[in-house]
């Protein structure tokens, strides 16, 4: 995983000024395996805040911007301008920013969800099609070694035909009206203007949806969603209960909530096939439980017996030495680096298609719920 | 819990001949605290099989029957005839058998679900109203100490207003067409004539539904159910995914399956309120997880610190000494004994109302699913 | 397991009056599978207390005694006198009581440890040799299905040569000077006159020692014990740390404590052989973890795949339906019944040899600790 | 944690050529929070191998050495020479290498154990005293947030007086004679010439010892160690069982093994005081279990409720987002950076004293075991 015999890729960042959680995550992820070097950024639209953030990070002031358009333009012209940009702003800004860089041939590493609205997502998909920049979406959980292991086992037929898919993502940080206290993360996530029409559905539902999709490979036939908001005055859903029907006959539920008191970051996937079942929990990420029908349940650990090449490809240290959230995020960055260095290389990093599906999932949930949980299809 | 200063209650049994699982469970449950003495039975409709079962159990041959009507009639006339009867037959026989005993003043301890059909359930409810016998339904999980603890905490407002209720019951013993192999338990549970219109929905869905109802006290506003059967040729559902809306605004999902490969007896309830959450798993029954909002998660153990009077009332041994499935079942029997000895005594044993709700739940699931998961209400 | 085609064995009890924990446990255990009928008892040396205890249990007053010698004498003469007696008194009374019954041909079911002192244990061993009564020792954990499974796997060579044996038993109920508060159980367990020279060593150390011995079959080569008492004024050890060397080369530790704050009944055994390892925890008794070298860890559940005949022989209900402490205790009683009905039958119930070893273990710990944890052998 | 408003510290490395595990770990740890920049190295004594390793890492060939003395000399003279060096060689080389850098004022970040022998450790301690370089020892587990939390709680008296300390470290990677297969890591760890007199005792026992010492603050009064080697032909212990007595009266056991089949990296610490207990497992590092006497067990999570400032100081991301082995290692590097930038700053990074204690612990174990587990003191 560590960079060996290669140059660092020059990276820029839009968003992620001082105090932002996800910006720092992207930087740590980019550094872990050493494939990137942060050299430019538009960390905030306020010039002073952007400059002070850039200075704190040790960047050349000339490459700290308050305007992403200016940044895209200048960096594209520089001889040693950025090759890729990480977009870590609220959702409603993703599309425009991404397009500004893509059309200049600067590759985009975009936080999820792809965009705030399906319309934006479709427009962005067109922009990606045009290129020349490529787009990568940081569904970080999909780069967790044991998620890769699960995907590999499903693909190899270890579970037989998939029958049931139960995915959930429970948090409790919005159990109270945190958005009314000046909490920035809470404020934009509960604001339709910045998040789009989905609240928890967009913020964590897209992760849950993508995880199930990534591991099982199953496409959605239709869904029936019942969205709810439990905190008075909250404009967006903080909870979604969804019946899922997959093509080929598998069924299941997806439920997500940000008011599930006691839950921290409870993303969990359980898949049951005709020949066996798998279970994975994000909070215990180094373990994948596998039950071959008629055999004892097996605890497959990252790097341990039964853990295969797909897991090893995104793993750094021996079994029993826990890797975590940042390592998976870092693996995604490392795969992106490999993909950028060799445009022909096969890779598993989610891209525009996954991003579009995610936003279409949110759109479908909102449409279904508005019609009292009617069955709807993804509008792709 | 142990019988002290009281006479044993004379018990009969219908069903439960040699090899039947649940009959033996009822007998162990009845014996554990010593409040009952099995003295009569109609263990099978085949006379020889009933007699040999009775003989093996050491019963007086004169009190072993092959016809429950004859049993009800004669036992009612005997001076030391049975005071109560345990009904452990397939579902479709419950109603008629129960009525035969109830009208003769013999109390009925009936396995769940109450009946195969809602029509039967309603008729039985009328019979119970008439009396003079009383009816108890063995939703054994509701007598588990930590389930009682959960109920008590919800009732005391520890969780605040309930927002989310996630209940599930996953098994895998029907992942393959076991019913085609001569397996008796599988055969009747997948046969609409014996089980009624619900398969897994009736067999384990009623437990899941009752558990959520018992702990939260919430009444259902409506449900949207998607039933499925994954084993070719199976006439009844082996899986149900249900969106739940409760009166007062709580929502959640209920999912049950008997094809969830790797699951043994995975009944699990999670309840999230405005002030805290609770989680309980049947396979680890002595533990209740409690998260008061803003405090660390607490592991409340049966009899340990934080475990209160409701749990203690159905518990026998110190914390750390696991009680299990049979103990909860036995606690139900012990509570039934107390209720029979003092008809005025308050108790928590499910009765005809819970039984009727359970069958109405199955009926609602089937109706909803037939209409593509339309929202329906319980037909009570 | 349930009694079928057999008569109940007539049982007496010495000790176990109202309020005693272990007496009620023995009665529940004896009832669970219905092989015994309690018909006589000397529940307390105080006549009124013994009579009221017997009356509460519904016994014939003529068969309730305040003197175990009188009880042994009269019951031996009765045509329907007791066939076996459960001794559930403090340790220092075991030997004399047992001898009174054994010599009259009444079989003894004795709670552990066998006696308070090694001298008593050796004398009792001679009495057992003479008969005609037989002696059974209720090391209940050894009848837990997954402990039997572990023993079977070791015996079959699944682990290869055993290298490491780690056993521990941690409780916290004596973390404070409970014995000073009038707590009866605490009082006698911390009193050398009633317990013998070992405190925690005798009370729970004997269980831990027996569990390791039972599962691995290994005999002790020597031990080095460091006993301690952390509560001021306590006369007996509440903690023991012991280095263990087994014949054949295996080694390990045994530690027990009754002041391990937070521990409830934390008996745990881990065995590591050249070809694999096993782990079992009493508080999660239905699960045995097995790691074959070079394969993923397996979760073997009672009755599930990989669970064999030894476990099945002491198990009643399907996998996923937890059995607990009382079920294992009951299995021991059921095996004792079988052994009494067929004196030639092979069985796994601990007897005088295990009892003697247990007391010799306590004696060795005390001797070793007195010599600053010198290596000592069992004095058998 | 992320570097803000500071320059990167120039770092060198000795050892850690291609394929070495711990070298890459140090590099990732150094990069994670961006406080260090690797600019020089003597990665192997073979010139070609050192150069190719340096080239792969993108270093200036002029700053890649095959001789650490040459490296120390030249780097000390360079204007932009390294400020610190990470030593990641086998144990027997630590002391000489460290001294070469320390005396030139280049700070040393040394992997554990400090040295192969106590003599070397004492000599190195003298060198550290002389300076001007400082020495930091990478006992990475001590920088895990929940270990810091545990230490803070003990220091604040939350547990009351400590009574019991149970620490263990179980692995199985040496269950077979891996050293005979050409496995480099196994070869040097089982070679007295490279590892010193302790095998598992040195490799993982020092971690276990340091963890207990770090969290409890207790100094050792004496120990009694029984070392063993289970793989034929192995020159060093692969297992140690140790009785521990701490100053002030606490006692406990320490056991470590590298043949515990099924164990991956099972470092676990349990501490029991008069007022409560704590438990932490390295494989589930984000959780600390706390049982205040008389209250339910609490699950304190990194960053969650009950997690305090000490944990927060070494933590990056929100609760529920697992941090792991590399994050703790990285936190140590980040603390070292802070300590280097401000020589007066208080910090918790283990140094020469901890290193000396660790080697003295190994020495004591070996001496004790040679005398049949006699009690010995640390020779400090």
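Read from first to last, the chains carry the letters A, B, C and D; within each, the first residue is number 1.
To be clear about the criterion, contacts are C-beta pairs under 8 Å (C-beta built on N, C-alpha and C of every residue); 3 or more make two chains touch, one makes a residue touch a chain.
Please read all numbers here as calculations on a predicted model, not as lab measurements.
**Student:** From chain A, count the fewest steps through touching chains until chain C is reached.
**Tutor:** 1
**Student:** Given that chain B and chain D are copies and touch, would you call their interface same or different according to whether over half of its residue numbers are shared?
**Tutor:** The interface of chain B with chain D is built from mostly shared positions.
**Student:** In whole angstrom, what separates the CA-based centres of chain C and chain D?
**Tutor:** 43
**Student:** Can you give the whole-Å distance between the Cα centres of chain B and chain D?
**Tutor:** Centre separation, chain B to chain D: 55 Å.
**Student:** What's the distance between the Cα centroids of chain B and chain C, rounded to whole Å?
**Tutor:** From the centre of chain B to the centre of chain C is 34 Å.
**Student:** Mind pulling the residue numbers of chain D that touch at least two other chains?
**Tutor:** 263, 290, 297, 301, 304
**Student:** How about chain C: which of its residues touch chain D in the complex?
**Tutor:** Of all residues in chain C, those touching chain D are 159, 163-164, 166, 168, 172, 175-176, 224, 226, 228, 230, 239, 241, 243, 245, 249, 251-253, 255, 257, 259-263, 270, 272-277, 279, 289-291, 293, 297, 372-373, 375.
**Student:** Which stretch or stretches of chain D touch chain B in the complex?
**Tutor:** On the chain D side, the touching residues are 290, 294-301, 304-306.
**Student:** Can you check the complex and tell me which residues of chain D touch chain A?
**Tutor:** Interface residues on the chain D side: 2-8, 18, 21, 24-25, 27-28, 31-34, 55-58, 171, 173, 263-266, 282-286, 301, 304, 316-327.
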